[in-house]
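The structures considered in this document are given below.
Next, two complexes with subunit A in common: one pairs it with subunit B, the other with subunit C.
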Partner chain A sequence: MSTSTLKKALVHTYMTLFTLPIAAMIVWYFLAATMNFTTGQFSLDNFSFFQEPVQYSGVKLPMIWPIVLNTMMYSILIVIIEACISVPTAYAFSRLDFKGRRSAMKFLFLMRSFPGITLIIATFFILVQMNLVNTYLGVLLVAVTGSLPGRVYIMKGFFDEVPWDIEWAAMVDGCTRFGAFKKVLVPYVLPGIGAIAVFSFLGAYGEWFLFKLLIFNDDMLTLAGYLSKLVTKENQIVNYGLITAIGLFYTLPIVVFYIFTQKIFMKVNLGGAKQV
Partner chain B sequence: MVGMENAVPQAYKKPFSKKIYPYLFIMPFALLVFVFFILPAIATVVMAFTDLNASLKPKFVGFSNFAKIFSDYNLPQILWNSAIFAVLSLAFSLIFALIIAIATQYFLKGKVSAVIYRVLWLIPSIIPAVVYVTFWKYVFDPTDEGFLNSLMHDFGITTDPVSWFTKGAMGIVILATIVSTISGGMILLSAAINSIPEDLYKAARVDGASEKSVIFKIILPTLKWPLMYITISELIGFVSSYFFIMLLTNGGPMRDTTTLSLYAYQQAFNLKYYGYGAAVSLIVVLISFVLTLFFLRLFDFDQMIKRSRIED
Partner chain C sequence: MITLKNIVKAYDGKQAGNKAVDGLNLEINKGEFVALLGPSGCGKTTTLMMLAGLLKPTAGEIYFGERLVNHVEPKDRNIGMVFQSYALYPHLTVRDNIAFPLRERKIPKQEAYARAKETSKILQIDHLLDRKPSQLSGGQQQRVAMARALSKNPEILLLDEPMSNLDARLKLDVRDEIRKIQLSLGVTTIIVTHDQEEALAISDRVAILNGGKIQQYAAPHELFNYPINLFVASFLGSPPMNLVDGKLEDKSGDQVVVTDGFEYKLPEDKILDRTYMGKTIKFGIRPHDLVVCDKNDNQAIPMKVDLVEHLGSGKLVKVTDTQGKLETMIRLLTDNEKEIQPGDLIYIKVKANKFHLFDMTNNGQSIYYTC
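Our next item is the complex of A and B:
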């Protein structure tokens, strides 16, 4: 058994080596945010952004609390919209026959692997034409369209797994096709809906690019856009304390959220791995 | 009874309401896709043939944008950057995803340490990009404050701070990209390895198979499909997206980390050459399209669409 122990030790050594930088990164975030490096003492000075607006190398940004509210509102809206659109669409793709389904599926696949980001220049002009620049609606529509193909694919995987017998049974018992969808299928794929909700939330919470591009008022930013202003202001960061403090405030909720929902991640990717 | 004999079996015809029923389900999706995907796609093509710029008075200029791209003196460097960035990022993130997936799901299967490793590796992809990049900015900070510089100072290797971003910006960008993309592939591969029945390993062990042949004969063949999937999606991501580059270096110093897609963005939104930017975008799309078609063939996509099993 000594060779097996040796092997385990070897694997552990390599894995620890690989994982060390990430552990170091996590430790650094906490240290940088809560330590005063000149005196080497614990301090919460960096967290003064709770009380006063942030000023950082020439950038003046509004108070953080309205921004937090924006972030929550935006993320929840995205979750609701994406779930409401992707569930019916995935159902139709998975279980209904219609003309053009095969080509629509191919189109969906193409769109999912299509580099949507390359269309951003033209999308910008379409938003200008529709008077949607510098509005949340514009950001919402673009963000939702970008992530929908992926969500539809995940949901389709879940619908594909539902046995046909339970839909037949529901219809034999007098449900209409829509009744079967509403009363039998949707409850059955609830874990999938939960999964795409988590994905949508994480995606919306981290969205900074569209805010940088489409939102010009600082008081309309979300936390990601807020931080991206600070991070990209200069090529090198002057005040790590402030930025890691805001970053920590911004990231901790999502990490906690992730820890509680990570089981869902494994489930989705299992489904995803089997079903395209 | 008499009527029955005369009745000719008629082909079932779907009523109209049932015909449009499926379309109602995909209507919102189709609408969004039309306005914010198909329309921009057409607009990009049209814009690529105009000289749309800050004056907003577009004029049709034919292929001159494309001619301009191919005579652009920046092009060789930008293409080289794109290729290096995509290929190195893909190769390293695939290899590491594979190593970590096999280590945690095969060698350390069911161990607490495996869960710890996996959760830690997921952190870089969970934390938002804007927060993630601050760490790399700190590690490679060009002043004495930076992690590497202060480390080198403490060990007495050099006394002058090294300006990492001017020397190896591309390396830093690739490193940051790899670390955050490994976990996506790792999850998919772990799930696939997890679905291999334990008996297979036992049988192999009884037959006296070495670890090497277990990995090469049992695990890797199972991973064929997920590996292909990860390859295509990550490769296209690397070719077309520039988020980390934008946050880390914004294409600089000079054009050292400018990839083709970032170049398109800069031309359009920084210099307001929208038409030219669209033309560059179109080339990015073309490259991705060729890659997609190539992999679509490998996937054997037609096999995967199932028919509805309720006729109505």
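Our next item is the complex of A and C:
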């Protein structure tokens, strides 16, 4: 054996050893969902939640399909709201000269690194005062407020990359400032908007804490919150088969989504203007 | 006609009070090709941006014809502009890029595309219309940028260092082409450049800027032959003009330039007023206005050869006086036939009347230019 093949073999062994636990977990995940452990046979019993409401040892949850609809509506709404607010805001931070820009920028950065969870009790009381507890509006407000600084920060980076020449060219070519923003800058930073849209979507899709805290009706939950309801403190019995089955159903769209959207993250600059 | 009157541009922020443009006056005739030339930081790009309306002057007035345009938005000025980076819209095809200004004027798509095609033919890029800017070479991108600027039939074409990203040979072709198109369309054109060769070759008139002020505004040959001051003289020309420190003196009736290394008697027709005697000056001669001459010539100045550089078309010889008292070496151009080696003693003279005197007590103004 030559040294290079030996090296390769070593590297591969090393990588395999470290990947194995992860691979094992994924395999177990699929097995747990699709196998009856008592009989050791393949079964789709765990997937009965498609047809009937979940009910076992004291846990009683509504039918899953309205929950799926809630999840989609909520996630898409979050994406739209966050994109519509963060893109113009980021443009303003990147391009406009207004009073307090620098301090606002610092505050934004602070809020981005601030653990929002520590504010949750105060947030809750404010929502109670505003009669927004147990409403989607309340959840939306808290969720958007929490993630917006990060989105704006990322988006600002994308706008900073746009050469001034491009914006000026659009203005000379007959656009107003807003026209240049809409027709030239937004298309230019489209990969960035795609990126924050994906982050927003994943964030919203995985949001369970706010639902657990602010939503009391089970039929208003989203999938992540639904999943968390399967494990409760009151009953010590955990139905792993059911959890993994619903978990699989919950993860699959994300995996598919990721496969299709990962290109966005790779393709950042489209070229067209020479960087001087 | 474009008129700039006492334009001042001061940037605020960190460099507050720093004037990028400081009292600039300029008149450009209709259909004229004018270059703004100067070292970096001289305010030439700032001036162009103010013409485009992308920057607002701090003081002064800009007129397009009779119309005061100080507060007119860029989109309402009917200008075409080519940027140094070309600034093509990366998400649009070449066709849409060229048609963009037309579409912004609410011209129907069909007509806009037809006109884009026409313009692209002039610039010979009609075969590239369906490509995206990222699929084009630098030269092609430059043409697309030109086409986009010209498609709307602008009154004024502004070029911001449009050729600085092209390689040397392509630059020459593009230069000629820009000039040809400009002449055929008769569009008033202003180019900003730091490349003097480009500016002199392409324009009707050149404005040389330094420190936010116009130093001299004249036709290329005039700038070269009659520089108004030391800055213009030293900025233009390659290899640069020889500038030797000296003094004007009256020696028994003859007016003489006295330097550390040699003396030069002013010819009869260049005799100066007596008030100039005793003044500190710089004596300027372009390298090609110095010739190697015979030892017996009555104007011959003996010089020692320090260095010989081959330029291909000739030789650049650097000499110094025999005693080595001159602070700067003197450059002269000779043809390839002359056998000159470092260390040789040669005799040189100034071609008839081809010299300049700059009054150092008056900010380096040219003495002959002013009188």
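Assume the second predicted complex is superposed on the first by the 253 of 276 C-alpha atoms of A that agree within 3 Å, B and C clash if a C-alpha of one lies under 4 Å from a C-alpha of the other, contacts with A are read in each partner's own complex, and residues count from 1 in each chain.
To be clear about the criterion, a residue touches a chain if its C-beta (ideal position, glycine included) is under 8 Å from a C-beta of that chain, and two chains touch if they have at least 3 such contacts.
As the structure is a prediction and not an experimental result, all values here were calculated from the model.
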item	value
Which superposed partner A:179 touches (first subunit B, second subunit C, both, neither)	second
Of subunit C and subunit B, partner touching more subunit A residues	B
Partner chain(s) touched by A:163 [first = subunit B, second = subunit C, both, neither]	second
Touched partner set for A:187, first subunit B, second subunit C, both or neither	second
Contacts of A:52 with subunit B and subunit C, given as first, second, both or neither	neither
First, second, both or neither for A:250, with subunit B first and subunit C second	first
Partner chain(s) touched by A:171 [first = subunit B, second = subunit C, both, neither]	both
Contacts on subunit A seen with subunit B and repeated with subunit C across the two complexes	168, 171, 270, 272-273, 275-276
In the complex with subunit B, residue positions of subunit A that touch it	7-8, 11-12, 14-15, 18-19, 21-23, 25-26, 28-29, 32, 37, 84-86, 88-89, 91-98, 101-102, 104-106, 109-111, 113-126, 141-142, 144-146, 148, 152, 160, 164, 167-168, 171, 177, 202, 205-206, 208-209, 213, 224, 227-228, 231-232, 235-237, 240, 243-244, 247, 250-251, 254-255, 258-259, 262, 265-266, 269-270, 272-273, 275-276
Residue ranges of subunit C in contact with subunit A within the complex	49, 52-54, 73-75, 77, 79-81, 83-92, 100-101, 104-105, 132-134, 138, 141, 148, 152, 165
Subunit A contact footprint on subunit B (complex, rising order)	19, 21-23, 25-26, 28-29, 32-33, 35-37, 39-41, 43-44, 47, 96, 99-100, 103-104, 107-108, 113, 117, 119-124, 126-131, 133-135, 137-138, 141-143, 145, 147, 165, 179, 187-188, 190-192, 194-195, 211, 225-226, 229, 232-233, 236-237, 239-243, 246-247, 249-250, 252, 261, 264-265, 268-269, 274, 277-278, 281-282, 284-285, 288, 292, 296, 301, 304-312
Subunit C contact footprint on subunit A (complex, rising order)	163, 165-166, 168-176, 179, 184, 187-188, 190, 270-276
